[in-house]
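To keep things simple, chains are lettered A, B and C as they appear, and every chain counts its residues starting from 1.
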Amino acid sequence: MFNKKNIEFLKRAIKHRSFIVGGSMTLLLIFCAFISLFWTPWDPIKQNLLIRHSPPSWEHLLGTDQFGRDIFSVIMAGSQNSISVGLVSVSIGIIFGVSIGLLASTKRGWVEELIMRLCDFMYAFPAILLAIMLVATIGQGSINAMVAIGIFSIPVFARLTRGAANAIWAREYILASRSAGKGLFRITIEHVLPNILSVIIVQATIQFALAILAEAALSFLGLGAQPPTPSWGRMLSEARSMIYLNPWLAVYPGIAIAISVLGLNLLGDGLRDLVDPRLARKR
Amino acid sequence: MLDIKNLNINLNTVYGDATAVRNLSFKLEKGKTLGIVGESGCGKSLTALAVMGLLPENSWSTGEIIFNNKNLLSLNEDKLCKIRGNSIGMIFQEPMTSLNPLHTIGKQIAEPMILHGKVTRSMIKKEVLNLLDMVGIPDPLKRISSFPHELSGGQRQRVMIAMALSCKPEILIADEPTTALDVTIQKQILDLIKDLIDEFGMSMILISHDLGVIANNVQEIIVMYGGVCVEKGYTKKLINNISHPYSQGLFSAIPTLEMQEDSEQRLKTIPGSVPEITEIPKGCTFQGRCEYVSDICVKNSPNSVKISEDHEAYCFNLDKLN
Amino acid sequence: MSIFLLKRFFTFIVTLLGASLLTFLSLEILPGDPARVILGIDAPQSAVDALRLQLGLDRPMVDRYFDWLAHLLTGRFGVSYTYNVPVMDLIKHRIGITFPLAILSMLLSVLVALILGIYAASRHNKIGDVSVMGLSQLGISIPNFWLALLLILFFAVNLGWFSSGGFVGWDKGFIKSIQSLILPAISLATVQGAILARFTRSAVLETMREDYVRTARAKGLTRRGTLWKHVLRNAMIPVITIMGLQFANLLAGTIIVEEVFAIPGLGRLILQAISNRDITVVRDVVILLAALVVFINFVVDVLYAVIDPRLKPQDV
């Protein structure tokens, strides 16, 4: 755990600005979601029509919305939705994408060709369009949105995995273990997978951010999380009709989305720098 | 004409700052040829790039590089641009990647001449054809509109030579011009360079890791190891009395014809490998691999020892060696 | 024609077929009887049966797929159930809004991205580079529909410079029309532009490390001269690919941005059709958009062959 290599990595990590900033923002997001499971300043769901559209105050830090709910509390609770969408869809993407990518890189030949052509195809097709169609047909709701978003991150992971795995397969020690009689499956599990893990983690961070964005878009169109589940995208959609009355309603949820996405993106960039073999390789 | 005094090249690497070339000094007279030889990573290319003023972004150099009474290291970028390609031409190590894949051969050869105002527009094509013919590219009229990917490695290197010589520079720097090529083509290219040098009366700095190539093609040799000069001298004198342990190692690593027939007699190689530039030791840079190493080699850097007129080596143990 | 283009053309056709299959199938998995879904639970069975017949739902799926394809190929689109007009009529007006919107935002994003990306690369690791990168990082993290809301808030609600939505119609003049498309275009272009700027920067930086760039410098070209004459064209090759892919995202993005700005384009048509379960419209519009995207990617491939001599037809 604390061998020289890891300590070296940690030392570089502490000095890496976007890693630290992005990491802190991501931690903030996770912390928010975790706390809101047990406690929010006010109930994010219960309406109180007596205090609709009240301005920011000590009682209600960001004011209240058109139903008299505390905006700060709703935003806090909304982070749960974003995080679960990210987790579920990225997991779907990783489980299927990585398996497919590994399959392509182990089998080669027409299997690889077919899989890669399919991925190309998915790339060229506007993902959000299909997600909208899919959600519209199988019905709107958080779960369906997560699945739809997850499906469209499969080709991303498949492509990435195949590329990275092919590079590992080309290494000499793999040849050595092949000639030592190890099976393809075992080599894949023992040598290939551990070696491409860091690349996958970096991509997972980026996909997590994209999933949050996509879910917000679907919810904004009314195809994602349904009321009363607090959701940033839906908050923005509801704020549209209040734009003259209470413009701030359209501002806060967007900031929450932007901070989460920015944090994850910075974290991903930082991680990529830190694990980049081009830097780690001795010159 | 070219006088390099105390050239130091520093690099800023991921592992901290390092000095890749240390206190290098040499002179190159007009019409003379000089060779720099040493293993991979000893700073040959960096030295060449320093003369061109094209060091990588993460490096800087100190000392003096005097060319025609001007210190190149203190010239501004505009003045350097007028010298590059015009008075000093350079051929690079990798012919496969050193040509722009999107421009025709003709356009790339014409570029320096247009840039430095050597020819009029109307004469360009004729001039390029001449150059292609001169470097021995068959059917120049057709090749002038070829793209690099349509040429073989040897032909691309010929194009590079045509490009470097197009403005008739005073100095040609050839950085391992044949390393990436087939053995059969290597000699052709070297002969071509030599002929053209003689024809135009240019000076040349030839860089190689192959002492044989160097000895056959230049008048003066500098042997480098770990960023410093370990031995230098006129080719004849140096080859007849190779003094520094490293140069001796390099020399016995040259394959000869008899050896290849007798597989028992393997090439003698120098044990160990070149230190990373961040790990170059104090004292003599060669201490880690030298069989004659003693305490003083670890403490101090050796000074120049004169072996004969125009031949010197940097070593504490020269007397033990002979 | 070169082998390369032939191959690409083949891919183009296959991708189109794939897209049609995907579109068709994803609408087929609708749970239950589409006719029933359209008409609602309370509709009499006779009406549902009539609608099934009208929609051709009584026939096997494979037949319907090929029928649809044949219709598409002959340019005969279906008839919208909810509007009761040919889909073609619905599309005709709307494509004249959505397409200019997509083009306008593409132009905006490419223009800004190339300028910023090249600028950042030429100032590598200096303050200019760092600020462009920071800005683009921010641009990537902002959802386009939120940006749309902010733009409305600022330029329409607060300043009153633009209307907060709607489209005046091309008959009101070019300037006025473009004016009503400019805010939507900006909100679409920002994210894509930010991504493209980062990509351009790294493509330029990568190219600047190439050996032939060093060769160009050794010829005596200045830094700037090298950038213009040798780096940019080479760096554009990967950048163009991304532009092609981004066009897909832009078109898809119009769906949401048209919704925010209440612009009656194809995107809104799809959304409405989806909520009305008007399958014919959804299917035809989606395949139209997909065809557009695939076509653009084909054009990109052809552009490649123009830029890169390595892909030009070999003399035989």
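To be clear about the criterion, a contact is a pair of C-beta atoms (placed from the backbone, for glycine too) under 8 Å apart; a residue touches a chain by one contact, two chains touch by 3 or more.
From a predicted model like this one, the values you see are computed outputs, not experimental measurements.
Comparing mean CA positions across the assembly, the chain most remote from chain C is B. Ranked by C-beta contact pairs, the top interface belongs to chains A-C. A straight line joining the Cα centres of chain A and chain B is 51 Å long. Here the CA centre of chain A is 23 Å from the CA centre of chain C.
Counting only residues that touch two or more partner chains, chain B has none. Interface residues of chain B facing chain C in the complex, by the touch rule stated above, are 52, 54, 57, 77-78, 81-86, 89-90, 92, 94, 97-103, 111-112, 115-116, 147, 149, 160, 163-164.
Chain C contributes residues 15, 18-19, 22-23, 26-27, 29-31, 137-138, 140-146, 149-150, 152-153, 157, 164, 245, 248-249, 251-253, 255-256, 259-260, 270-271, 274-275, 282, 286, 289-290, 293-294, 297 to its touches with chain A in the complex.
Listed in rising order, the residues of chain C touching chain B in the complex are 124, 210-212, 214-223, 229-230, 233-234, 307-310. Touching chain C in their complex are the following residues of chain A: 121, 123-130, 132-134, 136-139, 209, 213, 216-217, 220-221, 233, 236, 239-240, 243-244, 247, 250-251, 253-254, 257-258, 261-262, 265-266, 269.
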